[in-house]
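Look at the two complexes coming up: chain A is in both, with chain B in one and chain C in the other.
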Partner chain A sequence: MSAQDFSVARSTRMHRYVLIMGVLIVAALASFPFWAQVSFLRTMVTFFTLVALAQMWNLLGGYAGMISVGQQAYLGLGAYGLWLMGDVFHIHPFVSVILAGGLALLVALPVAPLIFRLRGGYFAIGTWVVAEVVRLVVANIQATGGGSGKTVISAARLPIDTRINGTYLLALFVAVGSILLVYFLLRSRLGLALTAIRDNELAAQSSGVNIFRSKLYVYLISAFGCGVVGAVVAMNLLRIQPAAAFSINWTAYALFIVVIGGFGSIEGPIIGAVIYFTLLQSLSQYGTTYMLLLGVIAVAMATKAPRGIWGIVTKRWNVHLFPVRRRLVLEEPPEPQGTTGAGAAGPVAEAS
Partner chain B sequence: MDWANVAIQGILLGGLYALFATGLALVFGVMRMVNLAHGDLGILAAFVALFLVQSFHIGVLWSGLLTIVIMFVVGYLLQRGLLNFTLGSDDTRPIVVTFGLSIIIQNGLIMWFSADSQGLDAGKIENISIRISDKLSIGWFPLLVFITSIVVIALLQTFLNRTKLGRAFRATSDDREAAELMGINNRHIYGLAMAIALAIVALAGILLAVRTTFDPTQGPFRLIYAFEAVIMGGMGSIWGTLIGGIVLGLSQTLGSQAFGSGWGLLVGHLVFLTVLAVRPSGFFAKTVTA
Partner chain C sequence: MTVVLETTGLMKSFGGVQVIDDLSVQLNDGEALGIVGPNGAGKTTLFNLITGVYRPDAGRVTFKEKDITHLARQDRCREGIGRTFQIPKPFADMSVFENVLVCAAYGRSMSERASYARCVETMELTKLSTKANKQAGALPLLDRKRLELARALAGDPSVLLLDEVAGGLTESEVEELIETIKDLHREGISIIWIEHIVHALLAVVGRIVAISFGRNLIEGDPNEVMCSDEVQACYMGGTPV
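Let's look at the complex of A and B:
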């Protein structure tokens, strides 16, 4: 085989169709406020926030290998951030949503170097401690309404149509934004660094990857994303309480969605969120049973199919909807018998 | 309440935290795995003990001993039947699986026993105390818990240092491949380590249940306190865990006394974070983190 017998490809023709489909789906979703019922719009907001939350959790856990059970710290901060920007500083709630993410990022900045001292499972519990600290602070001070929380008045006072439709479109934007964010991040230098760190931290370091900085960026981005999600949730509910905003359940949802859908893939959290949400609609009255069932599924998936449903799909059919991987395409040498060549798509080796 | 009284309570509370922490540290030491369901398993033990008391009308002492045996067996089976399969190259898997277990245990307990607070009644011992002066008295039960935790830690340390099996534990901890080459069955060792860890956390859960009320959602908090005791004490040092527990207990009770009841837990966490910032390897670190 000579040097010309292979090429490195990332996008294929299929990805163009995926892009067109994606644009069509998003356009269809964006049209919902014109014809769908309010209750349906509100349900969809929950779905979009779960997609975004799962993407952020997966970015941290699935790509950077940092399993966090404390992202509710930033989610809750985002929720309270909406109240702070909107009700205290009188910034328009829709703008406040983004600023709330900034607040979460600001808090994450000094937290990161501290908890990066811990590894693996102890890192996970460390993130939980941080979430507890934030929750206890918010619940204990009077300015934030203590344990009984606050109503986001600036959002509640918006005209109802503006609020419902605006929150819906914002949530859609956040969900799509989280997907695009992870996508472009993975295609960037940082994405390459993360993949290298995940595969072998020592080898990555000796190849010049700054591990601390790479992890820091990912942690901060995830905190920002979770903060924005929290603000959207607060926009949807209008009422924030420390027990709910900083609940460990947020992490449980994100973890279930990612583990069931597909750990370490962009498609996984989307699929996981659809499954989670469909189950939720039919089983929500059995709250405890539902959580128990999810726990069992997550444990089974993590032991039997650690890459989730999407992992099974990619293994079986070798499809990737998002071209983030570089694929080595080996070109078949022309055979004298002239067997019907499969074109350029010969055997494919992957570097993920 | 008098400061000295509060301080003594904090120290004694630290003993209970250390008891919760010991199993967590043991499992991490032997197989480099952090069991996120550790606290929930302690609470599960408390419910098992409660169930035994209620259904067979036996005393708390017998029910507790039986529960410890049950949890020992559960630990071995859990490790051999599930957790061993998650150990390997990908170190995120045991975290995900044990977190899933934590959710399963919590919700399972809520389904079975409801979310209500429960208590385990051990009789008179709960209320008697030693009077040292008019203002200073030490409850017998908290003292008993503290002494128990010291005895358990001493026994565990002796087991690890002096017995053949303990040597196998340490060998596996140091180098699992080399240990395997020397004829040690690592899977069995991991099973035993989890069995011992769950027996100890069962004891801790039962003592907690006698000391105060408990409900299905308390496990995560127990895990967090245990973790803080382990990290502050220094990973790899079992006696350090006791010191870490005491520091945490003291911080919480003194914090409550100084700033009001809502702030005690927060002060505990902040002391932990300060130790993490200033002395990340803890007070008595022995082994390097994996």
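Let's look at the complex of A and C:
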């Protein structure tokens, strides 16, 4: 058998424009601290944390099939991690934000093998139980301020401009970082396994994919990401309370965003976060009506378009803004010398 | 002749139903073995026990003189047991090439880049090259079956378990598939093939094991087995003479 010449293409010309657009958007967002109002900057921090949170949740639920309702465990730990590193160990708060993610990861390490024994709905409940346990433990430790929590003094003492602008840029960095993290992860060999697991777990296993290990990596990365998000939220609010930091609402936001935006894609959580954030900004003063509206939207999307808005877009136009796919380009084999086979045109490689 | 894969005294029940009842099958190195039996005889369950989808209640699975009864599924694939599923299970949202790539990279514990060539080769062998970038979930049946074959092969197996790969295909498609499987066998891969389309089986295998109610019924030369009273009785009804 003759080995055919080939190459594997990953991105197309469109992706170059997407990259340019992405860089322009991020640059525009990064310029906000120079001219925007403080209240606006603080609101945008919320948006960025939602994007990052949704990306982390989608990595777990959308790709690795682990529907967690307990990611608030790592958010809360990240928030307390910021206080621990900043106020107790006197590390600069901006550095502490990243270290806080590490703390969440350390806790996730022994938790993972425990809850991986559970499947489907049981897994979801298990993650919630873990989150509640962590909340109760933290709320009952005197040193962490018990039920009334702590103020992050190291962050509060920063000059106000440094704190506001720094937190904004940090949040932007975390949001962009979460997108890039998922992107590079999906492009990697691990991403290949994750996509396979998403499509068919048994077939993935029969193909040699170690599902436990793949899921473990993803769970740890997601815990780290959620920890960093929690630390950024705490940076923004300066006040940490166990009831708020470990609130299941965090996971509910993430779930809502991913469900409306699009399950199992990078674009989905971004779109979902924009929609959720717009609804939050424009309608939240209506209280109960607003919550009802969110519920109706979530139910409608889950039943009518289970893959969310981005799912509809990809189904119709087959576009992927992020080049995570692998496209095989076969070169036409060289014509053998001296063949007389008229009309024996070889198969033409698709080259568009 | 060396035995490459062997099951000894396998037992498996689901609820109160004994699906596999003291089943022993031997596959010699380089052999093509056919397995026949009526619906519910336990053929697919046998494959599931060999590949680790289920654990047997009793008995052993030995591969290359190594006891693999309790080995994880993915490790059995890496050891060199490839299988196709009776109902194709493609990674539906991935392309054909990506499907094969998963198996070439993970089935052989190699890097992605080092697996590209293997994929091209496997797709050529299974006549999928022109469909490399098609979405796997949108393929017609013959190509889904080919993809099952391609994925099993990409992991570079020494034993291939085929579960009704010819089922549901047209006559000419079956002929094409037979040629492909013959090619694989010539390359030295040992094969166990479960198939209801008897003429396809007879064209390839050198020995047949017939099973019924999870037990060994009869085995030996393909034509003799198919004509035997035991097999006739168990397919057509009536009592064996």
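Basically, the second predicted complex is superposed on the first by the 315 of 352 C-alpha atoms of A that agree within 3 Å, B and C clash if a C-alpha of one lies under 4 Å from a C-alpha of the other, contacts with A are read in each partner's own complex, and residues count from 1 in each chain.
Just so it is clear, a residue touches a chain if its C-beta (ideal position, glycine included) is under 8 Å from a C-beta of that chain, and two chains touch if they have at least 3 such contacts.
A quick note: this is a predicted structure, and the numbers were derived from the prediction, not measured.
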Applying the touch criterion given at the start, work out whether A:325 contacts chain B, chain C, both or neither, answering first, second, both or neither.
second
Give one of first, second, both or neither to describe whether A:120 is in contact with chain B, with chain C, with both, or with none.
first
Partner chain in contact with A:255 - chain B first, chain C second, else both or neither:
first
Partner with the higher number of touched chain A residues, chain C or chain B:
B
With both complexes superposed on chain A, which partner does A:161 reach: first (chain B), second (chain C), both or neither?
neither
Complex interface listing, chain B residues touching chain A:
28, 32-36, 82, 85-86, 90-101, 103-104, 106-108, 110-111, 220, 223-224, 227-228, 230-231, 262-263, 265-266, 269-270, 272-273, 276-277, 280, 289-290
What does chain A use to touch chain B in their complex?
61, 65, 67, 69, 114-115, 117-122, 124-126, 128-129, 132-133, 136-137, 139-140, 248, 252, 255, 259, 263, 288-289, 291-292, 294-296, 298-299, 302-303, 306
In the complex formed with chain A, which residues of chain C make contact?
51, 53, 72-74, 77-78, 83, 85, 89-95, 97-99, 101-103, 105-109, 111-112, 116-117, 119-121, 124-125, 129-130, 132-133, 151, 154-155
Can you check the complex and tell me which residues of chain A touch chain C?
1, 3-4, 6, 8, 188-189, 192-193, 195-196, 198-200, 202-211, 325-328, 330, 347, 350
